[in-house]
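Data block below; observations after.
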Amino acid sequence: MKFLIKNILRIIPVLFIISLIVFLLVRVTGDPVSLMLPETATDAERAQLRESLGLNDPLYIQYFTYLGDLITGDFGESFRYNQPALGLVLERLPASFGLAFASMLVATLISIPLGILSAIKRNSFIDLFITGGAVLGKAMPNFWLGIMLILLFSVQLNIFPVSGTGSLMHFVLPAITLGTAIAAEMTRLIRSSMLEILGQEYIRTARSKGLLEAVVVNKHGFRNALIPVVTIMALQTATLIGGTLITETVFSWPGMGQLLIQAVNLRDMAVVQAATFIIALLVIISNLLADLAYRYLDPRIKYD
Amino acid sequence: MKKLLTFGLLFVLVFSLVACSSNSSTSGDEGSVEKKTEDDKELVIATGADMVTFDIHDHNTTSTEAIHVNMFNYLVKRGEDGFDPDLAESWENVDDNTWKFKLREGVKFHNGEELTADDVKFTLERVANDNKLLEHGNYSQIKEVKVINDLEFEIITHQPEPALLNRLSRLGSGILPSKYIEEEGWDKFLENPVGTGPYKFVEWKKDDRVVIEANSDYFGEAPKWNKVTFRAIPEDSTRVSELLTGGVDIATNLPPSDWERVKDNEATEVAQGPTQRVMMLVLRQTEGHATSDPKVREAIDLAIDKQAILDSLMEGSGTVTRTRVTPGNTGANEDLYGKTLYDPEKAKQLLKEAGYGDGLELKLSAPNGRYLKDKESAELIQAMLGEVGIDLKLEFLEWSSFADKYASKSFDDMFLIGYGNSMFDAALALDRLSSKQAEGETDYNNPEVDKLLEEAMSNMNAEERAKQYQKAQEIIAEERPQIYLYQLDAVYGVNKGLNFEPRLDEMLYVDDITVK
Amino acid sequence: MSTSLLQIDDLKVQFKTGEGVVPSVNGVTFSVNEGETVAVVGESGCGKSITSLSILGLVPSPGEISGGTIKFGGKDLLKIKKRELRKLRGNDISMIFQEPMTSLNPVFSIGNQIGEVLRLHQKLDKKQALNKAVEMLDLVGIPDAEKVVSRFPHQLSGGMRQRVMIAMALACNPKLLIADEPTTALDVTIQAQILELIKKLKTDFNTGVIMITHDLGVVAEVADRVVVMYAGEVVEEAPVNELFANPKHPYTKGLLSSIPNVDQVVEELGTIEGSVPNPLNLPKGCKFNPRCPLATERCRKESPVLEEVGPAHQKRCFNV
Amino acid sequence: MTQVKEKKKTLLKVTGLKKHFPVTKGFIKKETIPLKAVDGIDLEIFEGETLGIVGESGCGKSTTGQMMLGLLPPTEGTVTFEGKDLTSLSKEELRRLRKDLQVIFQDPFSSLNPRMTIEQLIGEPLKIHGVMQGKQLRNEVIRLLKTVGLGEHHLKRHPHEFSGGQRQRIGIARALALKPKIIICDEPVSALDVSIQAQILNLLRKLQKEFKLTYVFIAHGLPAVRHISDRVAVMYLGKVVEVADRDSLFEKPIHPYTEALLSAIPIPDPTKRKEHKLLEGDLPNPSNPPSGCRFHTRCPYAQEVCKMKDPELTEYHEGHKAACHFPLQQ
Amino acid sequence: MRMFSRIEVKKELTLEETKTDKKAYSLKWLKVLLNSKTGTLGLIIVVFMVLMAILANVIAPHDPAQTDVVNRLVPPVWAEGGNPDYILGTDNLGRDILSRIIVGSRVSLLVGISAVFLAGAIGLVLGLISGYYGGFFDRVIMRTVDAFLAIPNILFMLIVLAVIGPSLMTLIFVLGATTWVMYARMVRGETLSIKERDYVRSARAVGAKDIRIISRYILPNIISSFIVIATLNVATTIILESSLSFLGLGIQPPDVSWGLMLSDGREYLATSWWVATFPGVAITITVLGIIFLGDWLRDVLDPKTKTN
């Protein structure tokens, strides 16, 4: 409990820095006015819109106004939707979250067996194949993999729907797309973590007890290998959410990613700020959860 | 050795993945789509971008209006020749500044309220007076709407407004339910919009879909579909894949590279038609820029083979033009339409005459990804200008940066842009070339053109007004402050079971789409 | 003497590394009888640990046994099936290691780890195993055994952990216990406790013990017989009193003279010059010749063999 | 020996030395309980002698060594070297004092920078203090190498090319470079092979004679301490429990802990197998030491008073002090 | 991914001094390299790619920007309809894909390497300060690192690039400015651990100043892990650049990079597979090479596993 409170308190300066980064990122930009009006708009129309949006104030005043609003949970209104930005972002959160979760699931399902296998069969043909596969998985950009999967599994084989949401089947391709790069990273990580653990003396002890190799690996090895993996998984949250930006576009998934890309393109600052903030918060929370999991998995910490 | 073999194997794997998808295009047996049939009463249309808002006054997006037209009605409709009645049964021009309208009787909003002249007043005065609305500029000419009785009203303009009917036949004039909005508030309306059109709102899942259903109380012909879904699918190849697998019935903005695939597929076909968008190079005539020399401008025009661009990048679709005011617009100069100039030899000659025989370096800024094949077009133009001795430096800008520079008028010699025209009137199309508007951008200044444009602006004699615009277009075509390249086509992928005619205004009137 | 429990003959182990094949154990022969403690002594890198790991087939990769036999109860452990070997491990032969800190799995409770062996080899159920674990912890002198079973290794001190390791090793009443430097990581006072414990258990259960160590003090305390190893070979083998009283091999002599004695002070300690040879690049002839004060031309050319020099006393040296 | 001692000059003196470490626990956020690694010790080191400090792990002997060197600021107390209090010196003054105060570390594998050559390693102290450079420096390095039994051909090598014993020789050469007055040897032989230990111990003794060095020899192995020390201090849980001349400590220990420690040492002579006086239990947690005499939880002679009162370090014989309520011999 | 673990062996083998002179020592490195087949392969690939980038203008058979409207979307030479002039075929503007890949290697590697340099430099300095001096700076730097870690890289880049507008320089700048945190964290961690090593104590004991300790003791001992991470990050950066291209924010024409080719080619995946596949293969091979090289470097540079 004390641990939780302390960690939550530690988040505050981080959030403050994030607010500054986000503000600078977004406000040092040009103005959204030229994007909101058609190509044929006149200068007078532009000036008028700028004034009405409060974009003529000095930067620091804009920041303090922004910070004040932020504390009260007011991220401003979306230019595009004329709605509170926070609401728009939160509305999309479940879709992105679902996708991210499914992807993590896919990544875990792929990487754990493969990572363990390649650690056990170190330097063998299988290991090399898995390693090569991991490199390939990492080298393939999301969008390319997504399009390929659609062409193969939807257009050719007609197994999964092409895009959109609605059923569990809709999750499969985007989750694989997004999960692959993470799986690649995690496979490598689990492999090296497992290798290190398998070299530990308590593994030798376990073997000297006459345990089946499978028990040695899965019980004594994996449980320990999981500890660093959990932390890295949490660090992958940022990558994962970053990946949704692209995956959602490819699969026209109505999540935060699509909202964000369009908001950036249209300079819908309020939405960009709100979304970035919410994403950062999500990442921080997931890291916090990972810390908790870590404490659960490792009795050395739990019982201290 | 074993290891190398593994890598070999891995690559084979990747290649085979690609190969199976590429083989498919030749087999013509892609996807699993079946032809649309009579008993299927649901229609799915995929668009490239999601609808922006239900506030019809606060957006300027064609693709959003394309959906709205099924839910809202305008006062008048643009027809084959002039304007047809829609919500307004009849109208007359009382004097230069006053128009009188009579509404159709018995029109009901989706929530059951009757349409009255008060609704018209509410709608038009909102957009005419609220300068925060994006469409305000196109309706600020309206001074007030005078309600005469439930069905009759007068529109009074500040100045004589020859293009009023054009304005009333487009997105800002979709009539809104004044009572509903006043009672429930805008937020409620935006969540649950109500119009008079043939289809009613069901749901809008942002960046995913807009669903509408048949309005059984529609005053006109009964709606043909039970339910229509507009899906937003931004990634081109995904949209095509959805079409090929039958996930959608119509896909807009079909990328040229996929036309073959769509055509080859048994159950899908390509439909295309002209749009209001004309691609052009805008040239700076400011002192100090080589482009201020008319000979250089002409040389640039002559050096670009516009038809070749259309052929190689857009599979031949699109129409070359020497004017921006294309047929279907008031004041179009059809003599300049469908025509193009291409004479690289003469271009070289002109350059020599202008004193650039040894070569000339120019800079072109172009957006990347905003218009169909904009980047590739610019690259081809670069190659073509290279042929006549112009070394063209390209600057590509992602749209938001391009828009910034556009707004600040800070482009160098030239920029590539594609203007649309939702007003269907030459006024909007040529306005930017008046010396006042052109200052700092093209710095084009031709008193004759200025005069023609100014007079036409408030000339209530339609025929004479058209003449003035046509004359202006001729001068512009000769002087080339803008070099027109071609009019873009809209290309749709369509299920073969459907009758679908692309419209010039790119609206998607779903009741015009029928099962064969 | 009682019957032979384990007989190692001409055992060879080598490691294939990026830099070449490294011989680690090179023809080691010795035996252990029931109830007897055999100490294997040598400095780091002499192959004593690898020899002990070979018995249970636990040589770490990339090491491999390249020759010899290890007979236990009439069976050659190097030839039997993996499954059979696994049945012996922890049951008939068990092992304790140098680092009790790292030899116990940090994420499982003590009870779980001891119980695991019992459930596996004696088919006890969870509860029985736990009870037996408490019993074993009591046996090795852990106070509050009931509480300790539910603790995790990091909550125990080094000495306690080593007791846990011993409890685990003895849980199935093995015939042979291999103790690989069991006290090296412990403080002297704790070391004395653990050595006492091993001695007591040996007499109580008549277990054969292989004690791997580099500390001649420990050898003198617990061993019945001593095997001295140098550079992967046995250089001398003798009963413990004989070895200390009458060492024959110059290496053994050197080792004995280099230990500072707590009971008496000498002005200068005896030393063995130089250091242990690189296994990748072993000297020709007798492996000890570069450090041997008595080395002759012959020692540099020929390798001596292990020969009898007295009752149960063997040495590998040309000098008499 | 006792007669000469009167003339001996105190080189280094520690008074009331304490070091409490904040213990950080937990993965992310720490909670702090002070670990009393050293809890009030007084020691004197005389010129030219070797003071052995023994004790089991966690008794604070290495921490004491580091504080003597000024590498670790004490929580309380003073370290006086030739009359100067190290704790009150500025960073720069302390740096200059380094010439006289040197250290040899326990682990020869981790105490030499793997990225430097032997020449750089041994020459560095001289370079830092601007003693010499260039050709002269190289010659000095070669001389030092020869002093510790290595040769000129080793100059360009890196530490990983050497065995443990050789590395320890390099560490000694580095410590000797500045001609220090005192060298703190922090377990210099415990990581080495048996046959190498003797080499290093012999070398240390040889150097002491040659350069008139003063040593503080910290170790947990009693035989080595007996071999090399003139006087020995025994530490238990951050306190000195007994300090005496070597022979009187080893032959007539006063403190029960010293007695037990001596008894626990295995004798490398199978004919002298004996019943050890075994100590009960483990070392208590240093962050929560027992009340009164810290040894009472394991002491066979402990009485009620031991739990209540912390015994003072008392001199029982000339130079033989112990802290016990029930001393074994008086 | 350590291909050979020598640690277990080391425990058992204390190696004596070897009588090697300098030459034999460097030969040993080569031997170790050749012993690791993947390491060799990695090195060969990376050297090949770098040479290709350096000599791009010399070896490219065509001008990579030369359009050929007649020969658009020509398949590779072995496929049906291939043209021997265009070994890997042409793209939608009729440009030679092989030449574009060769020239594209320049930008791809340039972006990858420079961004890593920039990020590495920032991360190294901040990480050293943070780890060595601790205290207030440490707290500020680490909270900033936390903040940066909480914002996905790609999002950060998306915003900045949309704002400043993508160009080669801004791309490098942004990639560098967002990825420095990884280095800072790693350097700080390593510094904290090395600071406690005996050899640093030994340096203090002989009176070395902070600057000497940092430059002679800490830096040389973290530099190998640093190089390994940096190497691997070149790969990550190349991939990131292609994702940015997908969003229209990567390299802008007329410059060409693999990422841009891959992204542009996605439209033709179903019809003209070669347009996107070959740049994809180039990326994959390079990433593979870099990862293998990085793994090998990790083995060689780590003093613990260092060859003898």
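To keep things simple, chains are lettered A, B, C, D and E as they appear, and every chain counts its residues starting from 1.
The rule is short, and it goes like this: contacts are C-beta pairs under 8 Å (C-beta built on N, C-alpha and C of every residue); 3 or more make two chains touch, one makes a residue touch a chain.
Since the structure is predicted, the reported quantities are computational estimates derived from the model, not experimental observations.
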Chains touching both subunit C and subunit E: A, D
Taking each chain's C-alpha mean as its centre, the one farthest from subunit C: B
Pair joined by more contacting C-beta pairs (B-E or C-D): C-D
Intercentroid distance (Cα basis), subunit D paired with subunit C, Å: 32
Between subunit A and subunit C, centroid-to-centroid distance (C-alpha), Å: 52
Averaged-CA centre spacing for the pair subunit B and subunit A, given as whole angstrom: 36
For subunit A paired with subunit E, centre-to-centre distance based on mean C-alpha positions, whole Å: 22
Residues of subunit B whose C-beta touches two or more other chains: 3, 7, 14, 18, 21, 24, 30, 237, 398-401
Touching two or more other chains - residue numbers and ranges from subunit C: 44, 60-61, 275-276
Where subunit D touches two or more other chains at once, by residue number: 163-164, 166, 193
Subunit D residues touching subunit E - in the complex, by the definition given at the top: 66, 69, 71, 95-96, 98-99, 101-103, 105-107, 110-116, 124-125, 128-129, 154, 156-157, 160-164, 166, 171, 174-175, 177-178, 193
Partner subunit A, residues of subunit C touching it in the complex: 53, 56, 58, 60-61, 86-91, 94-95, 97, 99, 102-109, 116-117, 120-121, 152, 154-155, 165, 168
Subunit A partner contacts - residues on subunit B that touch it in the complex: 2-3, 6-7, 9-10, 14, 17-18, 20-21, 24, 30-32, 50, 52-53, 55, 58, 60, 131-132, 134, 137, 190, 205-209, 231-235, 237-238, 241-242, 244-245, 247, 398-401, 403-404, 406-408, 417, 419-420, 428, 431-432, 437
Sites on subunit A touched by subunit B in the complex: 30-31, 33-42, 45-46, 48-49, 52, 80-83, 88, 91-92, 125, 128-129, 132-133, 136, 143, 147-148, 150-152, 154-156, 158, 161-165, 249-255, 258-259, 262, 264-267
For the subunit A and subunit E complex, residues of the former touching the latter: 13-15, 17-18, 21-22, 25-26, 28-30, 122-123, 128, 131-132, 135-136, 138-144, 147-148, 151, 155, 188, 191-192, 195, 199, 235, 238-239, 241-243, 245-246, 260-261, 264-265, 267, 272, 276, 279-281, 283-284
